[in-house]
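Residue numbering begins at 1 within each chain, and the chains themselves are lettered A, B, C, D, E and F in the order written.
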Amino acid sequence: MRRAVFPGSFNPVHMGHLDIIKRAVRVFDEVVVAVYENPPGKQIIFDTHERVALLEEAVKDIPHVVVASYRGLTVDYVTAVDAFILIRGMRVFSDFEFEFRMALANQRLAPHIEMINFITGEQFIHISSSTVREIAMLGGDVSTMVPPHVNRALRERFAQLQAEDGI
Amino acid sequence: MRRAVFPGSFNPVHMGHLDIIKRAVRVFDEVVVAVYENPPGKQIIFDTHERVALLEEAVKDIPHVVVASYRGLTVDYVTAVDAFILIRGMRVFSDFEFEFRMALANQRLAPHIEMINFITGEQFIHISSSTVREIAMLGGDVSTMVPPHVNRALRERFAQLQAEDGI
Amino acid sequence: MRRAVFPGSFNPVHMGHLDIIKRAVRVFDEVVVAVYENPPGKQIIFDTHERVALLEEAVKDIPHVVVASYRGLTVDYVTAVDAFILIRGMRVFSDFEFEFRMALANQRLAPHIEMINFITGEQFIHISSSTVREIAMLGGDVSTMVPPHVNRALRERFAQLQAEDGI
Amino acid sequence: MRRAVFPGSFNPVHMGHLDIIKRAVRVFDEVVVAVYENPPGKQIIFDTHERVALLEEAVKDIPHVVVASYRGLTVDYVTAVDAFILIRGMRVFSDFEFEFRMALANQRLAPHIEMINFITGEQFIHISSSTVREIAMLGGDVSTMVPPHVNRALRERFAQLQAEDGI
Amino acid sequence: MRRAVFPGSFNPVHMGHLDIIKRAVRVFDEVVVAVYENPPGKQIIFDTHERVALLEEAVKDIPHVVVASYRGLTVDYVTAVDAFILIRGMRVFSDFEFEFRMALANQRLAPHIEMINFITGEQFIHISSSTVREIAMLGGDVSTMVPPHVNRALRERFAQLQAEDGI
Amino acid sequence: MRRAVFPGSFNPVHMGHLDIIKRAVRVFDEVVVAVYENPPGKQIIFDTHERVALLEEAVKDIPHVVVASYRGLTVDYVTAVDAFILIRGMRVFSDFEFEFRMALANQRLAPHIEMINFITGEQFIHISSSTVREIAMLGGDVSTMVPPHVNRALRERFAQLQAEDGI
């Protein structure tokens, strides 16, 4: 069985992530969507449990997909779940730059792990988690960028944050 | 069975190609290495039969690899051999640009085909078929860039071309 | 009146060009679509008259658009038609590189001319004239990339070329 | 009347911004220079009122330019001031990347808004607000990068900050 | 005598830095490795004295190399030590972008200073100080990326930080 | 003595080349400007003797500069003239890409040779030999891009080519 791991912050999960997941399950036998618990330097709007729950709801109709969370080195996690394939999505040029450096570093750290890149579909190029967060925070409409339940969660979270700010 | 197609001009096959092929057979059940017969605008130094023969010799010890040649649209060939996975290698930034445009075009032409990118290993970044041809043509040493039988074929071909030029 | 010139080879005109033209007429008072007669180093499949005719048919329902052809320096042509705005489209990274160099050179050659860039819509990123030519030449379907009359012209042209080749 | 909005942090306004503004008023009927009030993640050295005042002084001799401030989504502000043209400057490659993603997102959020990019003049490529801030903070000379009154304001601000730090 | 300055945060020094230093001493008469004291916005894991000490140990067998620390504008420091050559390493595309902007700014600030770029060796492309820090922090093995004494210092520092965190 | 080689087609020499040469003689003891005799795939408008003569005239007032021509691998020529430093200029992003690949290949072919990159001055970014050729061929003014004697040679050459074409 070829198990592949798709790691990320999923902060929050969006349509571009789901596109990669759907395409990956056609190519591999099982896809583990792995939520990175404490991504350094990122503004986390949902905690690990919330991010896992939002993902589980989003992939509940896609067979052969498992959601989990992890900490530590990604290549160590891939090995720990008996996988050797690491899935990455690329939307734009700076993604390539990052993936290129990570691929070279991973080949040194864990040469048995195979990193595989999917280029995002054109209708998802404009979507990133940070774009979703920024637009949602400013009250913009992200309903075409995330699944409905993530849209609701974003609205509740930002309403709550504004209430706390006394605005 | 998940069959994947790795298309290219292989003009000539080099160590970077073989790295992708070896990594791809770990990930898929069968890899069809497909030689594009008449790549437009390329200086072809070996004809289709020679390129297929050089490849067959190069992969003869790698199981689950088939060498073939094709003409026409690549996505049509992938479908014709009952595959849906298209393998591509990326070495540098301009490769990403090309792959990005091709991925978007292929998603329109043949949405059922999945294009998958491998980032080359660091020891192969400097190798491309055109670099090999240029160095070999100027009498430089490409023995670390191509398998021994390709190195011999290049030397014979360029010796022959120089003899024809009366140099 | 603010007249703008949109120069190009239009070899052939495609949906991405038409998107830029439609957007430009909202922003300027008149758009001159200027067909470059003899682009160096390009494989021209339609002659200047054909390219102008295909464009005129394509823009016949868009008001305030004029089609013309020119030779010589583009900035000289812009000045000659009493315009000072030069429109350019950008799809991908290498387009930016080219536009960047051209913008700097034009600022030296003709500082009174203003070069303005439109970023292509996401559904047109995958379309370029060379992609259209390559796919059409190999018998692929470009009906979503070009207007119907251009699609017909391409099919006739490549059928004719194949007949001449005796294939 | 074609009104265009040129949004930014202007933290602080520099010669490159003024170049875009001067070029934009030749192309459009009115240019609204819109100061973004609370850009997230930026080290703001002048508050909104100061940034507006520095800009107003800088553009006081350029006709058809209005300075204002805004919060919320940029595309909402453009619509609110009865404009449909959004002006952006591009200096370097990573600017293109950012503009590309923003253009695609804006086409989804507000398809009636036209985003138009100017490539900076070569004598301004080296200038960015962050470069100006860093050099000024280290006591370097930015007199060729910003108007004289901005240079004075920067020197006063950093002298004040150093005094507060007890240096 | 041609003295060159190689400035950086060296946070921490790694094999890629040492490669540049070794190559630079072949080309220039003396190389001053200059540790920037308070790089803004960087997570500093070793203070200036520690970074200088780690560097001195690392270069102790390379003749004609001096280690020092500085604050303020880099071009001012280069002039202060009677040098006019500024050495920079480039690994990847975004490095070029940064170097390009810095080169243009420096040519304005200090036209007598010559900035010279070395492209990193292929076995060092995957190494950056931030990659080293991230992998070391997560308990990964960086022994092939930094000299042994830096590896020890990193392990002690992160063990200490985890103890302080009560983990 | 540190001798450096600055190789190129110099087809024709332009102000950007001269900027690199002037900066290189400040850094090295001698600069050999090496004209590549038969660059493949380039439209050569001046033969090797003409290109050498135009260069010699252009550098005649710069001390410690020698002009020569060569064929074969550049790294072999560098070694043959007792040099170990290879100078390259970089103007734009695609130059970096090319230099990056060439640097990695050269480190394999000739590890004792040090390749050193200068980033072009901002007033020369828009100048390349191909831009000069294209503008001159279309009758545009290149007097700010090349030395006066090269400008004269270009005008004579294109007048002659047009006469031969019977235009």
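One rule holds in what follows: contacts are C-beta pairs under 8 Å (C-beta built on N, C-alpha and C of every residue); 3 or more make two chains touch, one makes a residue touch a chain.
This is a predicted model, so every value here is computed, not measured.
Asks: Count how many hops through touching chains it takes, at the least, to reach chain D starting from chain A.
Replies: Contact-graph shortest path, chain A to chain D, evaluates to 1.
Asks: Starting from the defined contact criterion, work out which chains touch chain A and chain F both, please.
Replies: B, C, D, E
Asks: How far, in degrees, do you have to turn chain B to put its CA atoms on top of chain C, rounded to the nearest 5?
Replies: 120
Asks: Of all the other chains, whose mean CA position lies farthest from chain F?
Replies: Farthest from chain F by mean C-alpha position: A.
Asks: Tell me whether chain D and chain F, two copies of the same sequence, contact each other through the same residue numbers or different ones, using over half shared as the line for same.
Replies: same
Asks: So which of A-D, E-F or D-F matches D-E, with over half of the contact pairs the same residue numbers?
Replies: When the residue numbers line up for over half the pairs, the pair is A-D.
Asks: Could you work out which chain's C-alpha centre is the most distant one from the centre of chain B?
Replies: D
Asks: What is the distance, in whole Å, between the centres of chain C and chain D, each centre taken as the mean of its C-alpha atoms?
Replies: Using C-alpha averages as centres, the distance is 32 Å.
Asks: Which whole number of Å gives the spacing of the CA centres of chain B and chain E?
Replies: About 39 Å, centre to centre.
Asks: Among the residues of chain E, which ones contact at least 2 other chains?
Replies: Within chain E, residues 93-94, 97, 100, 104, 107, 122, 125-126 contact more than one other chain.
Asks: Pairwise, which chains touch?
Replies: Every pair of chains meeting the touch criterion: A-B, A-C, A-D, A-E, B-C, B-E, B-F, C-D, C-F, D-E, D-F, E-F.
Asks: So in the complex, the part of chain B that touches chain E is made up of which residues?
Replies: Residue positions touching the partner: 93, 122-123, 125-126.
Asks: Write out the stretch or stretches of chain A touching chain B in their complex.
Replies: Of all residues in chain A, those touching chain B are 2, 23, 26-27, 84-85, 90, 93, 96-97, 99-100, 103-104, 107, 114-119, 121-122.
Asks: If you look only at chain C, which of its residues touch chain F in the complex?
Replies: Going through chain C, the ones touching chain F are 40, 72-73, 76, 93-94, 97, 100-101, 104-105, 107-109.
Asks: Show which residues of chain C lie in contact with chain B when the two form their complex.
Replies: Touching chain B from chain C are residues 92-94, 125-128, 131, 134-135, 138-141, 144-145.
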